[in-house]
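Order as written gives the chain letters A, B, C and D; numbering starts at 1 within each chain.
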Amino acid sequence: MGMKADNPSRCSAGRKDVVTRWVAFIAIAMFNPIPALAEPSPASAGPADPKLIEDLVAANRILAMQGVVDGMGHVSVRHNRDPKRYLLSRARAPALVVADDILEFDLDSNPVDAKGQALYSERFIHGEIYKARPDVIAVVHNHSPSVIPFTVSSVPLRAVAHSGGFLAEGLPIFEIRDAGGMTDMLVRNAALGRALAQVLGNKPAVLMRGHGAAVVGPSLPHVVGRSIYLEVGAKLQAQAVALGGAIKYLDPEEGRLIEARRNYNRSWELWKREAMGAR
Amino acid sequence: MGMKADNPSRCSAGRKDVVTRWVAFIAIAMFNPIPALAEPSPASAGPADPKLIEDLVAANRILAMQGVVDGMGHVSVRHNRDPKRYLLSRARAPALVVADDILEFDLDSNPVDAKGQALYSERFIHGEIYKARPDVIAVVHNHSPSVIPFTVSSVPLRAVAHSGGFLAEGLPIFEIRDAGGMTDMLVRNAALGRALAQVLGNKPAVLMRGHGAAVVGPSLPHVVGRSIYLEVGAKLQAQAVALGGAIKYLDPEEGRLIEARRNYNRSWELWKREAMGAR
Amino acid sequence: MGMKADNPSRCSAGRKDVVTRWVAFIAIAMFNPIPALAEPSPASAGPADPKLIEDLVAANRILAMQGVVDGMGHVSVRHNRDPKRYLLSRARAPALVVADDILEFDLDSNPVDAKGQALYSERFIHGEIYKARPDVIAVVHNHSPSVIPFTVSSVPLRAVAHSGGFLAEGLPIFEIRDAGGMTDMLVRNAALGRALAQVLGNKPAVLMRGHGAAVVGPSLPHVVGRSIYLEVGAKLQAQAVALGGAIKYLDPEEGRLIEARRNYNRSWELWKREAMGAR
Amino acid sequence: MGMKADNPSRCSAGRKDVVTRWVAFIAIAMFNPIPALAEPSPASAGPADPKLIEDLVAANRILAMQGVVDGMGHVSVRHNRDPKRYLLSRARAPALVVADDILEFDLDSNPVDAKGQALYSERFIHGEIYKARPDVIAVVHNHSPSVIPFTVSSVPLRAVAHSGGFLAEGLPIFEIRDAGGMTDMLVRNAALGRALAQVLGNKPAVLMRGHGAAVVGPSLPHVVGRSIYLEVGAKLQAQAVALGGAIKYLDPEEGRLIEARRNYNRSWELWKREAMGAR
């Protein structure tokens, strides 16, 4: 209900439906002192650390170069000056993102200054996860090609290799029909973003049925590394399944021991050089 | 019968057959005031918008770069000055097409001026679809490698991901044996093109048994985007099937809601830059 | 027996075996007026057409670029001045072959002038096929990665797409154990080459169990095109099989009609430009 | 027991456990005159052959370019002046390794001079294999993507093609749980390295469950070639299995005959040129 009010024109609907929704929208707006869509632009937390912007640009290009995103998908990072702000590109293919494309958003996913540019319609994935997960510093949304089959299959994604330690306890799947009924499957508003964050819970990633995944982490290298090894892990499991024999999955305890020590520094050096052409 | 008359030398045949066909051809030519193959070159609709030519060249290269076409396959666009003319390269590998290769054709697929160049023998796919589908502005014919298996399998192609929203209601399959019996499987004449357009109906694409697909759309970015995501979607479904579990396909209503809003602008910017080397 | 005599040191063997084989070798040499390994270098047919050499170099690089050969594999062409001579690189990775690497061989696979270079130990594939098949102008030997599984599987390779028209009647498989018992699986001598040519018969290609394929054709573009589409066709069939449904293979008559008209000129222009860096 | 003493902080543990382990560590240290972790830096065997360093750098890059390693994985070679020393990069992505990154280690995997750099935590794989196998001159550790599924599947890796002759007798699988119980799956100390070397036995490679492989050989080209064809062979078998028919594997005798003659010189020339950009 609140979700519909947030975005009353989301569904193609008969005239009567539209009227009903506008009535609901106005009613909710009257009882909510600061409705998200009506509020003025939020204040900036000030200029972000240029090194963080550089890493965010690199993260965009790395994900593209590694095949984890194509023309679609996005990656954000929490602002270094204010945990209530995050940084995300204007609506642009990740491979093309440059520092000037990075915009600042509040956690309701309102831009501080859109600079007249189009925004990712699914930016609510980022804002709502940052609200729900204070430990999360960076978020990726992708349509990872080897992961998608596991979002629609009754076969659950599990870890076959140590590089997928964070998969060893399994990942939840977000079914947008449960949250929004029939949609165009995009997380186009805060309500859908909240529902997604809820399914994510305290996990490192959530699969999205027929769509892709949202991956979270304590840093940009971490979230990029997890996104890449989520793709790798899904592919490895698919190959293992195709062999037709019994499979020895990682023990969840092995996964925990791996995650306790895991960082992506060595790979990040490589990925960043390759993506930024400075090799 | 009419089909054979259009292209009497299509089949390797005995002497008697050839005579019979020429008799049939001449008879039909006498009763048809303007037989396709005998008419003089059609008049030009005038120079096409250079931006449209540029996009058509880009479309050729994008399809090659994305692996949707190899040395074979082609893409056309309706002329911006006259819906009864379309633009298509001379017979050349799409990756090599430049503006000078683009020729103008009438809807019977006669070139305005062939400039002494060889023509795609399957250009009738384009002309006959433009005749049958006034809404179509651009057409791709390809041998998309992940799609071909679905043209010969009893397993139907369906949408597993939102990027394949246009697949959610299923695509028809053109069986050339129904239209032309034993052939070399190419759509070498207007009759086969018409039969293909008929099977296409009002759909966004038609699969061609043991051959590939013809994809249509309201613009070049749209038809290129659909061609790429047809390939992606086929691959995703194949991967999902290989997992061996039950699969949750997109609801047709989800597909309709996706298609109602779908454009390929963000990806087109990326694809065009990559293909034209101006990144 | 004769085969062993041709290459007495082929197997690691006990001392007695070696003696027995040398005796057999000498005996056969005495009764054969011109034993292959003892004859002086054959005469040259004269310098080959530089355009043919250029195309042979291109063929080497195209096969590498298309993934049909890796560091191993080779391609030859019959000499334009003498059907009893053929042209083949010295033992070198195809991607690195330049005009100076091309050597001339007689049909017993003796080099006219080895220039002190190592030779492909499997050159007998080429010579023996040229002997047996006067219609063949060019030969490729490869370890085509999608084809190898069909050389060891009980599932026969068949054509699912029109680009594989030449597969529609099926291809024979050479089992080297039938010809040579336990070997290192290489066609190291004329006897094994002859056995391979015999299994090839009048077909466009022969699969080699646990090894790869030998592909033949009436020109370099033809044999390169067939090698590429043999790989493509094997991959397409594997994908179709993996879908698990019934498969509609090409009718052999469709295959014949395709082959009657097939050439690779359009793709050859693309492949050659890509491989020679002149795009 | 000895293993735990070597690395008492390997597991996250309660306070009491930590105390117990330190006591054990000190006790063992007192009874072992030269405990590995306490000894001073070993002496250098002197500068290595620059050609060997060049080949080791090339090996790193080749493995990356061929997809056998990504950001992780490593390759070492025995020092040309002293079989009790080996050469290995500091902890760095193989694609980025240059001559200055190469360090010298003794067979306990202590660096002669770490130059203040981080070391590969799994260097014990190399040192312990060199101890156990005097015939081994070079070692690769990788997470080869087509091999990993065979490390967790009940379907054993076998040779379907002659390029995998060294697989024909089968490869052992190292289960780290047998050696170390619950771990983060890395071979972080000498005891785990010794256990791995023991499972390797006299074979050319050992698979590591849920992790990858360790490959050995009599030279850098050999170990690189085996690593590449281990990946190729695993992929070929997976494809053959997916066809669903019966499979003719190589006869072990064929494998032996292949290995008796096998070298990788021709491919090494290609790989090195490609990897070092001097093509």
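Going forward, a contact is a pair of C-beta atoms (placed from the backbone, for glycine too) under 8 Å apart; a residue touches a chain by one contact, two chains touch by 3 or more.
Here the structure is a predicted model, which means the values were calculated and not measured.
Engineer: Count of steps on the shortest touching-chain route from subunit A to subunit C?
Structural biologist: Each step joins two touching chains, and the minimum needed here is 2.
Engineer: Quick one: subunit B and subunit C, Cα centre-to-centre, how many Å?
Structural biologist: It comes to 36 Å between the two C-alpha centres.
Engineer: Cα centroid separation between subunit B and subunit D, in whole Å?
Structural biologist: Once rounded, the distance between the two centres reads 51 Å.
Engineer: Send over the residues of subunit C in touch with two or more other chains.
Structural biologist: 242
Engineer: Specify the contact topology among the chains shown, as one of line, ring, star, complete or other.
Structural biologist: Shape = ring; chains linked end to end, path closes on itself.
Engineer: So in the complex, which bits of subunit C are touching subunit D?
Structural biologist: Within the complex, subunit C contacts subunit D at residues 11-12, 70-72, 91-93, 95-96, 143, 145-146, 148-150, 152-155, 177, 182-186, 209-212, 238, 241-242.
Engineer: List the residues on subunit C that touch subunit B in their complex, please.
Structural biologist: Those residues of subunit C that touch subunit B are 159-163, 165, 232, 235-236, 239-240, 242-251, 253-254, 257-258, 260-261, 264, 266-271, 273-274, 279.
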